[in-house]
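Worksheet for the structure shown next.
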Amino acid sequence: MPYTRTDLAMEAFENTEGGAVPGVSVSHWETDCVQITEVLVTDNEAARELGKPKGSYLTLECPRLLERDPEARLATASLLTEELDRLLPRREGGAPVLVVGLGNRNITPDSLGPGVVDRTLTTRHILGAPCAAGRMNSVCAIAPGVLGVTGIESMELVEALVKALQPSAILCVDSLAARDSRRIGCTIQLTDTGIQPGAGVGNHRKPLTRESVGTPVISVGMPTVVYAATLARDAFAWLSSQSGDESPHEEALADMEHTLLSADIGEMIVTPREIDAIVQDAAGIIASGINRALQPELSDEEIAAMMD
Amino acid sequence: MPYTRTDLAMEAFENTEGGAVPGVSVSHWETDCVQITEVLVTDNEAARELGKPKGSYLTLECPRLLERDPEARLATASLLTEELDRLLPRREGGAPVLVVGLGNRNITPDSLGPGVVDRTLTTRHILGAPCAAGRMNSVCAIAPGVLGVTGIESMELVEALVKALQPSAILCVDSLAARDSRRIGCTIQLTDTGIQPGAGVGNHRKPLTRESVGTPVISVGMPTVVYAATLARDAFAWLSSQSGDESPHEEALADMEHTLLSADIGEMIVTPREIDAIVQDAAGIIASGINRALQPELSDEEIAAMMD
Amino acid sequence: MPYTRTDLAMEAFENTEGGAVPGVSVSHWETDCVQITEVLVTDNEAARELGKPKGSYLTLECPRLLERDPEARLATASLLTEELDRLLPRREGGAPVLVVGLGNRNITPDSLGPGVVDRTLTTRHILGAPCAAGRMNSVCAIAPGVLGVTGIESMELVEALVKALQPSAILCVDSLAARDSRRIGCTIQLTDTGIQPGAGVGNHRKPLTRESVGTPVISVGMPTVVYAATLARDAFAWLSSQSGDESPHEEALADMEHTLLSADIGEMIVTPREIDAIVQDAAGIIASGINRALQPELSDEEIAAMMD
Amino acid sequence: MPYTRTDLAMEAFENTEGGAVPGVSVSHWETDCVQITEVLVTDNEAARELGKPKGSYLTLECPRLLERDPEARLATASLLTEELDRLLPRREGGAPVLVVGLGNRNITPDSLGPGVVDRTLTTRHILGAPCAAGRMNSVCAIAPGVLGVTGIESMELVEALVKALQPSAILCVDSLAARDSRRIGCTIQLTDTGIQPGAGVGNHRKPLTRESVGTPVISVGMPTVVYAATLARDAFAWLSSQSGDESPHEEALADMEHTLLSADIGEMIVTPREIDAIVQDAAGIIASGINRALQPELSDEEIAAMMD
């Protein structure tokens, strides 16, 4: 099995060539224009083989998002709302939900999380607002990797806030790396496994999981890049398979990477030239799904008016 | 004594018409192009009369800063370094100094603090960097009021971080309101009394003091506005004094404010049209003074190279 | 008549103490929540007395805009659309309307124009777009005072563009100075007299008028500041009138200004602390009025979808 | 010869496999840490074969720039100054040099041009400034593709300005696409051939050349991306050559591109994750080289003080 890097559990599974993997169950279905894949990783060996921790991974794919089709956007946001509603613990008492936008606002393909935070309706400080008193859930939001914070790791800051705010749940949003560039900007992954070290475009160094912070952690991500090394390997594998050659040795691939991609300027990524607009657009869809899931008693118009 | 609003202890004292106030001692001196005023508030009654808590307030004034005179900038930054060095506790062990830039990046006259944080050399995450290993003090910095954080008060976030990071000292930077518009952009106040509720352009609702967080809190501020009501009152008082009239009654002044300034759009401020450039410039001078005070073993060149 | 500075013709007229001025006719009416004042300056002597060139000045006032009342916003935008439609020449052939957002994006109270340009639907480059082919008028837009342009005056750049693009009309948007702070953020002035030297928060040095460029120039402005000197003078005048004193001499007022406001940091302005949000909000209302006036065959939904 | 896309003439030449091409002469030399390659394209057939118009192309390469080596930066800026000085026509009279920063500020790898414009000392409006009167050349600068301009093509705006300002020369700065990712961020190309349609990361649709505007056009560019299709092709070609296979047919390559890269989201690019910092850094070096070339009578300190 060739080595590939992807933050999507469904791609990690495809990578096993579609064969059955013990401890992994996969289902597909489709509603409106969205294809849904659920990957359940149920034992530790399967987790090791896929490189994804045990848990549930739901992927929503909707290529029409890239055409900015209003119907497709609505359908995707609605599905996201439903699934978040299923994953989030029942809100009890006044404990807020903490939305965490991971990533760096100044690195475009890593800025999905901060973009969603900017569009999230935060209510913890206005729960008593006359217009919606008694109908709002408490929500606060932070983008810990923005300029304003330096010398402090994102996860340290989140941990400190979790201690202070005692949220009922954490909802993380992050930019992901895919294997297939066609999934960029039109695929959303939801999981109850939180954030793992090494995942995301920003490559987090510490985990953010129920185990690490003692609170349920749901994460929502969208691929914004493919690693250049992954693309180069796939280009070769595809051509080999076309010509009936056997797959190249790992050694040859590593040599190729070293030769073509070994610049001293950090890792090379593949991304659409229009990534800035794609990320802004996706941030709007994801925030819409989140706002509805967190504020089921407010109408879309009320949410929009309060966001202004 | 007419009511006036100012965050500068020296103006609160001037306001008492320069007479001796028991429990307040004031000294003036001058070095290079900078005039220095020290106000010591030593008892509670004096604190009440001045509206400033007990402690030491040092004001550096240098009108030539407004001409962007390089020599004046250097002299001011150097004095700031000296005074910070005197006020900051000796660094012990690895505990970091936490620099807090108060204020809102999106309200220009309130953005001094975030501007200084952007220019502060943070080292907590790179203490072992080969170029300066063993010669750096640990510094981290946060601008808690930026967009990225919502539903969470600045002071809540700072308190959570103080618990997590256990800093040896907190150095706050904030935009201030003055009484005299000629002090905008060329006056720096240093105090060991921290931040009081109601102070600053952003009007903090909670204190940030040694008492509230259990760590020494030094604050550095520069006036960026005069409240419009203060200006209107002073205009009237000045003209009255010129014509030999007695000072207007508080009632008449309050009526005037109500008539001229009672818009439903929040408080009116007076500020130079060029306030954006003035704030950026001041942020550079203050950050330079802070970086030198916190990193006495690094040269200016080393600091600049690491900031790049 | 005391000297005051205002960019609003209706305030210049009020300043004459409401008496009849030969060559000026003023009408008031009200629709929904908007008060409308029309000032017609019909001869040169009146123009000199008011300090406003001959022409028509329409002012829309709606204090409820400051509460962000959705109904008030809609009513104001609709009135603006109607009046622009009346003022704009019939579009002939393919000549575009050029929207010019004057002012500096980096000086908050001067950033209304660039903010409107950002929200204007420009179509000159997509006239053939399949969704709306044949139903769109040609529109292009420029904010000449942004960072990207230096060493070139706004009006020079506009003149160069007018020569190249041959627009059928120019629609200028600019931030204004008022006399009464209660008009900030809730008053829109429309005029067919273009932009005069010395007007606006940014104090344009050259005119932009039908005479200077050979094309009809409509301007739309909203007050975002009061000059501090104006406020100080008005504070004094108000108190004098209350106490039955006669008005202060110009000399005393000039002395007061010199004493209280003579900082070396450029002109002092009075503005609401929340000016950033107020300007953004106003830019949305004005752009909405402009987009509807320029694209009468497109629905609001179509405009929104194309702006995304 | 496999098809590859590059904006660097030296890569287009390398692509011919280093063999002699009639009508192309290539020289290499090295000074300090910078390798210099000059490609002269002297006849039309060679221009067609290389896909680069007749003219002189100078490439400065300095991998140490990526380590932010201060000495390397200085050496590169100095070489750039020398070569610009050689290429720019003698300044006559008061005609300004117009610096044009092509590209879109909001697409990171396309933002080099606007970044250089932000750092260029513009003097056209301050030629009489007391500090440097008589020692400054007239310079103005524009970034035509920023947000502020819409519905108007960059080249249209430049043409309109050239007519109005009658510059003695145009100096264009643009982001380029390379073939070899190791050239990103450390390679500068200078040419007297201006900007060609289809070149640059932003893919200009119209030329900006001496022929199109009647004024000498010098361009300076730095690669910030490799097209993903180029990388995939090179990955395959490298591996084929390693295994002794013959090169794949163009048809197979086109199929592979279609399969791996045919997303509906515009072209895929390969870029370092740290591209934002790399572009900012490069903009500083290029602007420094330009400022010295355009203002030979000012010291670095004077330029810095005037830029503040």
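Chains: A, B, C and D, in written order; residue numbering restarts at 1 for each.
By our rule, a contact is a pair of C-beta atoms (placed from the backbone, for glycine too) under 8 Å apart; a residue touches a chain by one contact, two chains touch by 3 or more.
Here the structure is a predicted model, which means the values were calculated and not measured.
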Field: Residue-number overlap at the chain B/chain C interface, same or different (half cut)
entry: same
Statement: Between A-D and A-B, more C-beta pairs in contact link A-D
- prompt: Whole-Å distance, chain A centre to chain C centre, using C-alpha means?
  reply: 45
- prompt: Just how far, in Å, is the C-alpha centre of chain D from the one of chain A?
  reply: 36
- request: Compute the distance, rounded to whole Å, between the mean C-alpha positions of chain A and chain B.
  value: 41
Residue list for chain C, restricted to those that touch at least two other chains: none
Statement: Contacts from chain B onto chain C in the complex sit at residues 63, 66-67, 106-110, 180-182, 184-186, 201, 225, 228, 231-236, 238-239, 242-243, 245, 248, 252-253, 255-256, 259-276, 278
Message: Applying the document's contact rule, which stretches of chain A touch chain B when the two form their complex?
response: 96, 101, 105, 114, 117-118, 120, 122-125, 138-144, 146-153, 156-157, 159-161, 163-165
